[in-house]
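The structure under discussion appears below in the form of structure tokens.
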Amino acid sequence: MNIVSIEHISKYFSVNDTQALSDMSLEITKGEIHAVVGENGAGKSTLMKIIHGVEKCDSGNIKINGKTGMVSQHFRLIESLNILENIIIGMEPIKKKFIVDKKKAFEQINEILVFYGFSLNLNTKIKDLSIGQKQLVEIIKVIYNDSDILIFDEPTAALSELEAEKFRKTLLSLKEKEKTIIIISHKIKDISAISDRFTIMRKGRYIETVTTKSVDISDISRHMSGTEIVNPTIDRSIKPGKELFSFIYNNEKITLHESEIIGITGYGDCGLHELEDTLEELSLNNKNIGYVPSDRLSRGVELNSALKETLVAKNPREFSKYGLLNWRKIDTFSKKLITEYNIKGTINCQTGTLSGGNLQKSVIARVLYQKPETYILCSPTWGIDIESANNIYHEIESLKKQKKGILLLSYDAEEVIKMSNRVYILYKGRIISTIKDMSVATPELIGKYSSGIINE
Amino acid sequence: MNNILKKPALLIVILTIVPTVILVFILSKDPIYSLYVFFTGPFSNKFNFGNMLNRTSPLILTSLGAFIALKSNSFNLGGEGQVYLGATVTGLILTNTAFIPSSLSLLLTIVIVLLTTGFVTFVSSILEEKYNVNSLISTYLISMILIYICDYFVTNLFLLENSNILTTKPIPEIFELKSLLPPSSLSSGFIIAVTIVIMFSFLLKNTVWGYEFTISGRNNAFSKSMGINNKKYKILGLTISGALHGLAGYILVTGSYHSVISGFYMNLGWNGLSSALVAGSRPIMILISSLFFSYLDSGASSATVLSDVTIELSTIIKSVIFFVISSKLIKDSLIKKGNKT
Amino acid sequence: MNFFEIITPFLLASIGGLYTEYSGTTNVALEGYITISAFIFITITKLTNSILLGFCLTIGIILIISFIHSSLTIKLKANPIITGLAVNMGFYGLISALSYKIFKTKGVISLDYPNIETMPIKILAILLPFITLFIISKTRYGLRLRVRGLSKKSLIYSRINADYYRLTAMMISAILSGLGGIFLGMELRSFIPNIGSGRGWISLVIIYLGRKNPIGILIGCGIFSVAQIFSNYSQNHNVPSEFILALPYFLTLIALIISMRKKTINNR
Amino acid sequence: MKKIIIILGIFTLLPIYGKSSEEKTVKSIAIFIPGVTAGSPIYEELEEGVKLATQDLGVSVKTIEGGFNTAEWPEKVKEIAATGMYNLIVSSNPSMPEIANEISKEFPNQKFLILDGNLSGNPNIYTAEYKQYDQAYMAGYLAGLVTLSNMSGANIQKKVGLIIAYNYPVLDEVIIPGFKNGLKDVDPEITIDTRVVGNWWDATKASELTSIMIQEGSDVFLSISGGATQGVISKCQDSGKYIIHFDSNGYSKAPGTVVGSTIIRQKELTYKLVKMYLENTLPFGKAEVFSAKDGYIDFIQDDPLYQENVPEEIKSKMKTIVEKIKE
């Protein structure tokens, strides 16, 4: 029985003049876990919003037999409110006509917590939670809302491997409780491990729906990106050269050498963010450090400025004489970067109208142009489609060959393992462990360290 | 409804013209003539045209001032006090420096006006940086205090004797800005104002300083990450804003009134802020929005002189137009798109 | 008793403005609403000879006007500050035009009532911060209103009409500042052009002075009113009146700096 | 951008097709109101006076309001003069002679008739001034009598209140001295409590000030603060105190509370002067003064509300003093 059936819908956004969906169809059976995959900008999120009913389509038919609840890519939780308040928004139990019955809400949520085996202190403010816990709050919220169909937009992107594993288990248990689940993800594991079927989208169109069991993992990734996935092969035989840069983190000195990639990882609130802030500070005073921020939407680019303005932001003085900007020089330069790094956009377009992948390309293009010796890359592939991510990996690889040193800060343990010469794992604001021999590094080991377990 | 919403220009025409015409038809005995006078009055002769441009000069400066503050993420609600301060300082210096060469005292005046009014808003921005006092509040409160203090100077200490206008002594004639289009009151202050907007437009667009100022105002996190000193630009923005308001006061005294008249600043600050908000993101648009504002004002003035339209009607018309052009729908239609290659 | 007369319009308007702040926007037309409400109240009371009718119809008309104001602002995605300024300006013209049409005057319009009981409004004003505190922290409306200000998307994803909360907040602020205007009209038993005399603007400042919470605003209004009374009493000495008139603003600024400084230090 | 240019173009071209200014009538008069007419008795009477004088004579009369910003008046008057449509501009305000004098330099054919102002020597300007000292003196005399009386609202303290919008020359130099001397002639021990509202409209503030002044012993008030006066009236009404109305008959505004009205007869004077102008007998270049003696300043005694609410003793003393001034 189809719980969701979508026939030939289209959606056009006048704000940025995009045809987000055209003639899209999708059918979802009750009780299944259905993944939706495709590149960035394929229209997946828009489709989910339409299913959830927060966006209306221009044409086509939609039939949904149940209540939907959606957990979107960027959390909608309100930092200054506590967990309980966040969960009950929209479904507040009421006494005496208009007063929120917090006691009742407390009981109801606790019931859910017990039922699914979660544990959370409902009076904690959201800002004090780790990313994984926030995710959990979002999930509880949709369960609390009595939703039959749960929609997840890239739920594991921000999670550590251990948390992602936990999350997948949660989805399976939700499935057991007869919930229907739709999930958007770029992570192959999300699809291969839990989904029953997955649908591939490209450029707003339906491509095909595949039963997960019928294909193997490499097929899935090919299906997802449309191109063959190339696993980055970092040449670990290149020996690190002379010292480039060092800094002290919590009494421990970390030194970066030529042709070396140092990975730093950990879970949610392990201190990675604070470390990033410190490193950003260092990059400001040192021309030889290039910095790619994790929060690219606010720190990496300026959404309301023209793309060319974003591209020259780090070094406007290079394009000026006596303080006067030479716009012709800036235009030529920007055009060069756009072609060289294949950024889909014009130099005069508003930066905010670019897709996520193209935004990250712009950031990296700008940093690469500086030609620094040291690179600080923070979650460089977060929320980016496989093809773009692969390009970034290739770029890192070639940097290493050019004797550059790279600090890779990432919550993605696999990424860190794939790329690094050595890995530092943070836990509660300090380095809990260092892996020097990359042959023993596994996501599981890093996960263990990240949770504070070191003695085994 | 949705179709109309997609065509902002049409919507504006409908929402402004219709109520205007209705109002005129209700409140005027000869509505066609009233409307005609309202819209063509400012262009009907040299005198009216010159007055319209002269009305624009201080407005250009106050709206540029408000604009610069907005661009640096501050709100300057104290425009009126700053204009008054600039005017008072101008008046007091120019009426009391007969003993030094005129060119020197003119230069001195401009410098002191810029410094004092700039200092006032500088204090507000320091209060914001150091004590977390929102500049929106402090500029307003300080402006109210300034108005009373200036009033004390103008209507007590330096009041023109034997006059029944609450005004200071007129400034010596050599200090008056050159009249451009007699008998209208248009003075070379207009040229100063326009030059300054063009200058700022150029500075903001074509210099590293302007670039960093703009970026810093648009996005703090980004500019910080790019190594731009946000604090400096924020303080500078509000300071310049105050100085420009002071300059507006200077132009009003030397170009239009030739003395400091109590209460002359009425609405200058608010109109400046409005015109800046309407101008949106590009400084050069300030010229157009200020001209548009004074065109409406002058039209209203002509209408009150030549037809039976009252000041109130023109205020209502202005407010309607104002309301509608603030719509974001229009701005959205002007954004350059990335995927149109 | 003087204190309550002074504080009432400030409390009404600033607590009203607080609702729009909670909803994530600012209503800069508080001043306009004070003035036009006083005008409508006096006009209707004079025409119908009934205070009750004047009161009720004024509230009704303000509801309609503020509904148009806020829904147009939301629908047109207009800058709320500009539309607020426009509304202030429009009200000014409208009052003059209507006043002339109806009474052939643009000046004072007075009622023939010897006395109007304003006690209920004063009591309401003093209770208002506490009522607001209750609404904001305990009721569903309050919770959703706060959420509207903090994150519109959060409401949209819970499929709640987010615009409804901003709309109602704007209407509440209009009604409350309108009540302030009616209070001024009742106290004077007449309408005087510019009857608000900047009280709306000061109320906006007080919202920030009170750090956008009801009790803070109560204290802020208290500070400004005491400063006002102090300035009223200290006239008739040999200090120039200009300085005395500037005093309330000065004292408020000082209070603001001190209170904010404390906060900054505490946060460190 | 293109559209803007086109629109601007249309507007600049429009006047060519416009209506040319109408044929001049025999005579045409503009009334310039420095403020707004409606609600201000002085200006209303000015307008009435002009209209009365020009009735049935085919003279066109146009009233133009200048609004409250003093600084904008000169330009507005200039704009009127620049139309060349009006033979005479009539206005009323102490500040108008200076403004007219300035404009007269550029428009030497424009004639001005200005009341409530004083300037002589300009052949285009005639001014008529009221001897407001008399007016203030009468108000002061009455205030003194009331505060000393045993009227129900009067207290033992010899203190009267004066509320003003702010200080300005005529007020400081003519009105306040007149008021003071009036008081002094009743009893030199009477003191004045003067407070400033800061503008012409904040009636609430005026009411707050009044209430403090009442606490501190004032029992009769004179208010020269425009619309803000309403605040003084209502507070006096609430507290059973008294107010003397200035410039127009205000007894009916608060019966029993308004115990006196000193007036200027603006309508009558305007009528007389405009008539003279139409008969070409107005002596331009002169500045004349009109006082209680001419009857253009007066204290209203025949109003029933005055008769009813004021004790006989005060009424008779007032009658004597008014007659003395008129001599």
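Letters are used for the chains, namely A, B, C and D, taken in the order the chains are written, and counting of residues starts over at 1 for each.
Heads up, the rule we're going with is that a residue touches a chain if its C-beta (ideal position, glycine included) is under 8 Å from a C-beta of that chain, and two chains touch if they have at least 3 such contacts.
These numbers were taken from a predicted model, which means no experiment stands behind them.
J.: Measuring centre to centre, with centres taken as mean CA positions, what chain is farthest from chain C?
T.: Of all chains, A has its centre farthest from that of chain C.
J.: Using the touch rule stated at the top, which two chains are linked by the largest number of C-beta contacts?
T.: So the pair of chains linked by the most contacts is B-C.
J.: When the centre of a chain is set as the mean of its C-alpha atoms, what distance in Å lies between chain B and chain C?
T.: Chain centres of chain B and chain C, defined by C-alpha means, are spaced 27 Å apart.
J.: Any idea how many Å lie between the Cα centroids of chain A and chain D?
T.: So the centre of chain A lies 74 Å away from the centre of chain D.
J.: Using mean CA coordinates as chain centres, what's the chain B-chain D distance in Å?
T.: 33
J.: Residue numbers in chain B touching 2 or more other chains?
T.: 148, 151, 155-156, 310-311, 332 - these are the residues of chain B that touch more than one other chain.
J.: In chain C, which residues are in touch with two or more of the other chains?
T.: Chain C, residues with two or more chain partners: 96, 100, 245.
J.: I need the residues of chain D touching at least two other chains; which ones are they?
T.: Residues 36, 166-167, 198.
J.: By the document's touch rule, what are all the touching chain pairs in this structure?
T.: A-B, A-C, B-C, B-D, C-D
J.: Give the list of chain B residues in touch with chain A in this complex.
T.: Spelled out, the residues of chain B in touch with chain A are 6, 205-212, 214-215, 218-219, 221-227, 332, 335-341.
J.: Which positions of chain D touch chain C when the two form their complex?
T.: So the residues of chain D touching chain C come out as 36-40, 166-167, 193-196, 198-199, 201-205, 207-209, 211-212, 227-231, 233-234, 237-238, 253.
J.: Quick check: in the complex, which residue numbers of chain A touch chain C?
T.: For this pair, the touching residues of chain A are 52-54, 70, 72, 76-81, 85-86, 88-92, 94, 98-100, 145.
J.: Which chain B residues qualify as touching chain C in the complex?
T.: My answer: residues 5, 11, 27, 127, 130-134, 136-138, 140-142, 144-145, 147-149, 151-152, 155-156, 270, 273-274, 277-278, 310-316, 318-320, 322-324, 326-329, 332.
J.: Provide the residue numbers of chain A that touch chain B in the complex, in ascending order.
T.: These residues of chain A touch chain B: 14-18, 280, 284, 291, 293, 295, 298-307, 309, 313-314, 316-317, 320, 323-325, 327, 344-346, 348-351, 353-354, 358.
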